[in-house]
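Written out below as structure tokens is the structure these notes cover.
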Amino acid sequence: MTAIICSLDEALAPIADGCVLAVPRESSGAAMAATRALIRRGINRLHLIALPTSSLQADLLIGAGCIETLETSAVSLGEFGPAPCFTSAILSGTVRMLDTTCPALHAQFQAAEKGVPFMPLRGLIGSDVLAQRRDWRVIDNPFGKDDPIVLLPALSPDVGLFHAPMADHSGNVFVGTQRELITMAHAARKTVVTVETIHDGDLLRDPTLVAGTLPGFYVEAVAVEPRGAWPLSLPDHYAIDAAHMSEYARLAAAPEGFADYLQRYVYERRAA
Amino acid sequence: MYAMSVGAASPIPATAALLARERGGGRPYVSLLGSRAHTFFTDGARELFDCAGQGRVDVFFLSGGQIDGAGNINLVSIGDYARPKARFPGSFGSAYLYYVVPKVILFRVEHSRRTLVPKVDFVSAPGGSADHVFRPGGPIALVTSLCLFAFDRQHRRFRLQSVHPGHSVDEVIENTGFAFDQPAYIPVTPAPSTETLRLMRSRVAPMLAEVYPQFAQSVFGATACAR
Amino acid sequence: MTAIICSLDEALAPIADGCVLAVPRESSGAAMAATRALIRRGINRLHLIALPTSSLQADLLIGAGCIETLETSAVSLGEFGPAPCFTSAILSGTVRMLDTTCPALHAQFQAAEKGVPFMPLRGLIGSDVLAQRRDWRVIDNPFGKDDPIVLLPALSPDVGLFHAPMADHSGNVFVGTQRELITMAHAARKTVVTVETIHDGDLLRDPTLVAGTLPGFYVEAVAVEPRGAWPLSLPDHYAIDAAHMSEYARLAAAPEGFADYLQRYVYERRAA
Amino acid sequence: MYAMSVGAASPIPATAALLARERGGGRPYVSLLGSRAHTFFTDGARELFDCAGQGRVDVFFLSGGQIDGAGNINLVSIGDYARPKARFPGSFGSAYLYYVVPKVILFRVEHSRRTLVPKVDFVSAPGGSADHVFRPGGPIALVTSLCLFAFDRQHRRFRLQSVHPGHSVDEVIENTGFAFDQPAYIPVTPAPSTETLRLMRSRVAPMLAEVYPQFAQSVFGATACAR
């Protein structure tokens, strides 16, 4: 057995140029330290799936030129305004965008989790979200009568990447109520996790923590990165760094400002 | 048991939902997306959508970069989708929740011909569907900075319900890009009572600050509290 | 608001004659005290769905004449032998049996949980389980080519009933890793729970317990029944009562013995 | 990362899986249905099936009230399904796992013409499928009290692989209701080594007692321990 706990750069090795990378929504544990490390490594041509939305993580990767295809239902900085790199990349056509809707992504990951080729979903019919997705299908519900319903194909990313409060030495990861991380790991071929800290006990043997634990069975590698979601929040641990987000929104509004941000917060510093 | 749920980037709906819960002594159940303190969901990010699919989410709120007179909403882009002139964040859960939540309340602070248009450029979610399409949900109202519209699902049209204090029907007409029904008598929207304002300021605002710190601070001067 | 915590008989009121009742597998928290109370009340014509299997709970309800239709993938007493009432009811044709397979039931409850009319599932093709189920469909996978796949209709029981370690005063119920109970509650129109004890805090506000908690939002009623799964096990709390199970297997092998068991353990005693 | 999973009523497979894990210093991952101590699943009863659907469960064990020469298994009933002469517990997860787990090991202690039949009365799960049916999984072997059969998936037939010490090929033939291939040389099944027996008795048996207290007690004289 190779060690599951390793350095950040070692942990990120499975995330190759051109791979399909899944990351969670901005409030569920975005692996921001890992994202900065990937940018430093010069990763490119990613197909990024944000399950189901993203904020700074997608914007930074887009701005740094790492993304070829973006599949998500929304990117914004929330209260801090529009996501500047996302917006300009869409307007200039430098990123291929697959617009979707939150429950569609959840359903597609669940299909992969269950090993079925598709999942049905209500809604969507008559929307341009559906009209733009040639990879989705509409069938007549075989249990109904003249009842069209959308089928969505299973989505198995090459790698799932997220940040969580803690892991134990076997690579079991406590994610609490952020269970989309568990579905993501089940759906992904490999899962890479950064954590605040290593838990010395066995999470699977703890009668309360086990309920919020992703088994190490599904985990490829774990790296310890304290405040690894910064400047985004980690539920129950720390809030978003509002001052930093405002600074990002201000700087990233112009290319020079974004370059300045990258230099100061990504290339020169390993973490905050 | 029914619930009000509030999605992303929705500080005003969050205020309304928390206010309703305060008035109801803890009911209806309220879930704010992104909140740990104000949610009853424990099954990850998909539970809101599953719960709505079960018919258990009674009320949801949606907005749009554009909203048209048939209740269609556009959260994606202006102009041709392939070469847009402006881009919004994206459709979020609208392309699903608009269909399955019985009472969807549309909100858009900016009431202008730029936001309330004859026809949206991109349909994130349509205001109505063909009869054979499964659709227990849809819009019931649209709230703006000027007025309250009700939505008539049968005719797929808005009807002006009330105009906010300090504004006029003419102002509404002038700033609305779509046609809407105008009853003979259009009342003034009642201002919030002293008690409502007290609840919002003392109880609701500190709760809002968890998810919407800037909004809570700038509107109410409030900072986060434990529930 | 009416009180969620109530007496066992009050809590069981939603479980009406003729309803579709879902119960969990024998090792996940079977509400056995509640089952005995239902038998005392003379419940009948139940459509019982055991998700996905059952042991003593189904056998007792069958023997007491409460079941009209049984939908499950297996009933046995495990190490204690075949389920005697189940076996004789099938042989005599007194219960309508819907044979299924474990993942099919899970998928059908997930379909109801998601509000979709069906769920696809691999396997099944060529089995007599499928051949006997006229309510299931086979379609050609629209994303494949000459790739038959089974579609299973959503299953929404009228009531879900289970036993769990604890609930709080708002009806939030800690189920730990027995997450099929959460799916069951999402799928069921109403959910009734018995618990070992009432937790004085708010389970939704506890950063570790919340991960294994079913929100009270989905719960109709909770009754406190210490050792409410007896003689079956409650994970992390107590093991199966092997001596009692052996006694049951011995007695229930003959009708007089079963009548004796019912008299001694169901009608005369409220709990062990 | 692959795993061995063990279903209901399977004390002998559970012994085998735990033994394999002991020998492998903690690998492969092992999950015993009904165990809290010996499972790596945390997502409820469906995780085994989802995990297998993902292709992550490498080995599973199945039995049958009847098993036939084409590898079909019957866990349901004898005689006409509508009016059976005998009833077994039911198909459990076999109608799914037999299709998706690459290496399914069949086991049946009772080796007789009653259990190993020419054709099962009810197909809980077939031993093989048409080429166009999605089927990465299926049987690789059948273990009984007399012998070990290998399964040839292409020809859908069993081949006698070895006969257990103290038994003969003739005894196998006499007690088997289906035809099977017989290689020219059929070895004796190797007896477990002293070290294997030691591991089973000292390490595995106490673990088994959590789920199979009667089996652990009667076969090994063991009672439950913490892992």
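Note that the chains are named A, B, C and D in the order they appear, and that numbering of residues resets to 1 at the start of each chain.
Note that contacts are C-beta pairs under 8 Å (C-beta built on N, C-alpha and C of every residue); 3 or more make two chains touch, one makes a residue touch a chain.
None of the values given here were measured: they were computed from a predicted structure.
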Query - Intersection of contact partners for chain A and chain C - result: B, D
Query raised in the report: Which chain has its C-alpha centre farthest away from the C-alpha centre of chain A?
Result: D
Query raised in the report: Which integer distance in Å separates the CA centroid of chain B from that of chain C?
Result: 40
Query - Centroid spacing, where centroids are CA-atom means, of chain C and chain D in whole angstrom - result: 27
Report task. Would you kindly tell me how far, in whole Å, the mean C-alpha position of chain D lies from that of chain B? Result -> 57
Query - Multi-partner residues of chain B (at least 2 other chains) - result: 41-43, 49, 53, 100
Report task. Two or more other chains in contact with one residue: find those residues in chain A. Result -> 110, 114-116, 121-122, 147, 149, 177, 182, 210-211, 236
Query raised in the report: Can the chain contact pattern be summarised as a line, a ring, a star, a complete graph, or none of these (other)?
Result: other
Query raised in the report: Who touches whom among the chains?
Result: A-B, A-C, A-D, B-C, C-D
Query raised in the report: Can you name the residues of chain D that touch chain C in the complex?
Result: 8-9, 11, 34, 36, 41-46, 49, 53, 75-77, 81, 83-100, 122-126, 129-130, 132-134, 212-215, 224
Query raised in the report: In the complex of these two chains, what residues of chain A are touching chain C?
Result: 107, 110, 114-122, 137, 139, 141-144, 147, 149, 151, 153, 175-177, 207-212, 236
Report summary line: Within the complex, chain C is touched by chain B residues 1, 3, 25-27, 29, 37, 40-43, 49-56, 100, 227
Report summary line: Residue set of chain C touching chain D in the complex reads 24-25, 27-28, 51-53, 72-76, 78-80, 82-83, 86-87, 90-91, 93, 99-104, 106, 110, 121-132, 146-149, 177-183, 235-236, 239, 242
Report summary line: Touching chain B in the complex, chain C uses residues 1, 112-116, 182, 186-187, 204-205, 210-211, 213-218
